[in-house]
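Structure incoming, see below.
Per-chain numbering from 1; labels A, B and C assigned in written order.
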Amino acid sequence: MSNNIIEIKNLVKKFGRFTAVNSISFGIREGEILGFLGPNGAGKTTTIKMIMGLINITEGEIIVDGMDIVTHRKKIKDKLGYMSQKFSLYPKLNARENVEFFAGISGLSRDKVNNKIAELKEIIHPDIIEKSVENLPPGIKQKVALFASLIPDPEILLLDEPTSGVDPKMRRNFWQDIYELKKIGKTILVTTHNIDEVEYADRIVILHRGNIIVEGEPANLVREYDVDSVETLFKEAVKKNERD
Amino acid sequence: MKGIKPITRKELHHILRDPKSLIIIFMMPVFMVFIYGYAISFDLNNINIGIVDNSGSDLSAKLVGKFLNNKYFTLVGPQINEDRSIEAYERRLKSGEIDEIMIIPHDFSKKIKNRIPVDIGFVIDGSDSNTANIIYQYNEMILFSFIGEFQNIEDILQIKTKIYFNPELKSTYFFIPGIIAVLLLMVSALLTSLSISREKETGSIDLIFISPIKSYEIIIGKTIAYIFVAFAVESIILLLARFWFGIPIEGNLIVLFAFSLIYIFTGLSLGIVISIAAPDQKTSMLGTLLITILPSIMLSGFIFPITSLGEVLRWTSNIIPATYFLKIIRSVVLKGASISDFLVDGLILTLMSIVLIFIAVKKFSKLRKIAG
Amino acid sequence: MKIIYLLKKEFLEIFKQKELLFMMIIAPIFQLIILGYVVTTDIKNIPVGIIDLSTGKSTTRIINRITGSDLFDVKYISGVNRDTVKELKKGAVKSIILFRDPVKTGAKIKKYPEVQILMDGVDSNSSRIAAGYFNGIIKNFILDDLEVLGISPLVKGKPLIRFNPELRSINYMGPGIVALLLTTITLFITSISIVREKEQQTIDTLLISRLRPYEIYIGKALPMGIVGVIDMALGVLVAVVWFDIPVRGSLLVLLISSVIYLMAILSYGMLISIFSTSQQQSLFFSWFSLLTFILLSGLFTPVENIPVGLRWLVSINPLSYLIRIIREIFLKGNGIEQFYGDLLSLIMLTILISLISIFNFKKFISK
């Protein structure tokens, strides 16, 4: 357990009478890709926001790299990179301006900001770099957003539904990028409701109605539950949880 | 026509399930009525006057007394040790402490006794020209009655004024029925405009597009649902007007509601036209508020009489629905007028509704074609 | 300087949204001009009917005075009596003037007709003004007539109008409308600034960035403040150049007061933005607040007419202070020594609103 870079214990989040996250516990190991699965409204985004310290915890604790989120919010923030469902880019600005902004507010010096823009030019075609982000295809937006979330050079990347609305080809490209990041030692938490993507993850956690219903390595799980794929496992687990 | 019913039912369900919006829709008009009822009044009730009496005679004291006995004037005199010079009064005028200075010349009494005309100086704060005009008129009125005691001018010509419908000239009588016209248009346009743009944003409009329901059925179905809400808003304001503010309702309520129905239809169809043109809920809401409230307040006769406006603005007032309904509601509520007195206004509103519904259906069908 | 990048982004967003730019710069000018004409409407062209049942010669001369004035629009002159109440109900005329021969009192027959004015009192303000006009016209007629006979009134009022000698209502309303527009634009735009980031989900990125809360707050508010100052300058320019309104006081004091006021409005807009969950909601609240601010500011109707029980609403309304200050500066050329009370109250109010806003922003950031 000591190599868990994020440790979540009995985490609860209530919004009024509604319990969004119902006492979940799991860990994320340093350098792994953890797939965080669940249908819409399962509590994935809420959990991620609690890890980032953007919303308060109702009960339980979150320890990141040995530090409690409640007491060390600022230090933890510096270790995290985040990319949200809508790619968190400013739709009216172009890719270069977005990157310049994110680099700037990360506290980079003017030279380093310029370096980042130069790097961006290597991955984005110069024809579209000056186009408003709102007019770019989702695949490119996703690329820019990932690039932007990596600017502060975070140890841990939290990706919330990074592949929603992206076509299958771009999705594969995206996962290749994720593997590259894993190779250089980043820890990555990816939420998704596309079950076919879990094969890419080292481990998966399936969340449903605020509860963890399955946890483990995809291949082991398929064997353990004696199902033909993770997809079947997911469907059956969700069905079972709905019955209970 | 059988497509209308399900649409109406769906809209009503939607309204009832969203109590937050419903509360806003009812609370805002009530709030506005109270503000207009209590806070807004053009009546000039008090004029602070400073008096420099250089004559100091019995006659001048009599004149001063005439001013101070008038309910509109309040003497703001200098305290015992304060400066009584004209300069000091001018400073008070500048700081807004007083609204006018009356200066009685030193030879006032002597001249009057010798039947020599004498001038009384008045220094008036002209910042607000309306107030200044009224102050001037009051001055003249009092002076005239003062002269009457020496010269027989006053009762040579007697003017008798009789005021109908609002004999005490209360602003609330003017504003409260008027605000119904402004709010009713706003509320009804807002209701439909949000309803369509919301469906556009959530994408549920596509489901309606591919359904076999005809465009006009959708439009009419939505409109009918919101007529109930608009009527409820109108009834609440009328109840407040009658029982809280004590405004007598002279005319026939059934007639009023019949004409309101036409007016509400105008508002609802206007909302649909706006929402079809607007890309999202935000734009549609802002557009509706701007198009309905500002012209209804400024150019419909709600505050400023249309006849006094410049030519261009007067012409513009003809295309504002509130112009017509204002006349109708004030005629019915305050004057107890009969249908023939405002039939033309009702007909114009009907025509406007028909044109707007027609545009709405046309635009909606076009949108549907593009989507399909 | 991370905040520089935030400021740059905010300005880029403004400049890239043409409709926003239009709304901030062009629209206010148009509004100012149109409103300038509407709200300075002096009551004139009052539709009147005249019924003349008198036989004296002087009636014709009085009627000529009425038809000759642009205060009245005479719809008809009738020699026979009419159903006056019915006509007033119909609404084609707002007043009917009835001339009759005076009742004979003893042997002495008066030279002038008896005048009866029947008015539709629905529009209380216009009616009161119209009554004043009638009295004025008829009184002046008599005085002129007597003057010919060598009789002049013993006492005459000699008015001297200060600050606005030509009694132009635009001089009074214009500066107020500038304040109104300044409020409208900045409140609307500020109130959507944070909520827009919420909708785009970019707010989370901002919050986990290394930007400090005060940097985010300033980065959001400052650009709107600059826009506000530009709008103010444009508004004053239009007031002076287009409407020819004199500025008698110090523009610097006006600028300082406006900046203080802007801080209050920006804080209030931020507050709306923090509590709203959608742009639509925040626009709605801004609209609602704006109407209340305007109605309780003394812009259109005198604050003195607001019942004492509701005056506190005026004292917590920042716009009421700005309107007073701006009028003092424009019309009276007053300096701070004349309105330091208002300015001080405005400053306190601004501090209070800012504190509430900042406190809630901090709470919002660390919820």
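As a working rule, a contact is a pair of C-beta atoms (placed from the backbone, for glycine too) under 8 Å apart; a residue touches a chain by one contact, two chains touch by 3 or more.
All values reported here derive from a predicted model rather than from experimental measurement.
Student: Chains as vertices, touching pairs as edges: which of line, ring, star, complete or other describes this one?
Tutor: Topology of the interface graph: linear, an open chain of contacts.
Student: Counting C-beta pairs in contact, which chain pair has more, A-C or B-C?
Tutor: B-C
Student: Taking the mean of the C-alpha atoms as each chain's centre, how many Å separate chain A from chain B?
Tutor: Centre separation, chain A to chain B: 56 Å.
Student: On a C-alpha centroid basis, what's the spacing between chain A and chain C, in Å?
Tutor: A distance of 53 Å separates the two centres.
Student: Take the average of all CA coordinates in chain B, do the same for chain C, and state the distance between these two points in whole angstrom.
Tutor: Inter-chain centre distance comes to 13 Å.
Student: Touching at least two other chains at once: which residues of chain A meet that condition?
Tutor: none
Student: For the complex, which residues does chain C have touching chain A?
Tutor: 2, 4-6, 8-9, 12-13, 16-17, 200-202, 204-211, 366-367
Student: Where on chain B is chain C touching in the complex?
Tutor: Residue positions touching the partner: 24, 28, 32, 35-36, 38-46, 63, 90, 93-96, 111-112, 115-134, 136-137, 139-141, 143-144, 146-147, 150-151, 153, 156-171, 173-174, 194, 281-282, 285-286, 289, 298-299, 303-305, 307-310, 313, 327, 330-331, 334-338, 341-342.
Student: Of all residues in chain C, which touch chain B in the complex?
Tutor: Interface residues on the chain C side: 35, 37-39, 41-47, 73, 85, 88-91, 94, 110-129, 131-132, 134-136, 138-139, 142-143, 146, 151-165, 167-169, 171-172, 192, 278-280, 283-284, 287-288, 291-292, 295-296, 300-302, 304-307, 310, 313, 327-328, 331-332, 334, 338.
Student: Taking the touch rule as given, give the residues of chain A at its contact with chain C in the complex, in rising order.
Tutor: Touch residues, chain A against chain C: 49, 52-56, 73, 77-78, 80, 82, 84-86, 88-93, 97, 100-107, 113, 132, 148-149, 152.
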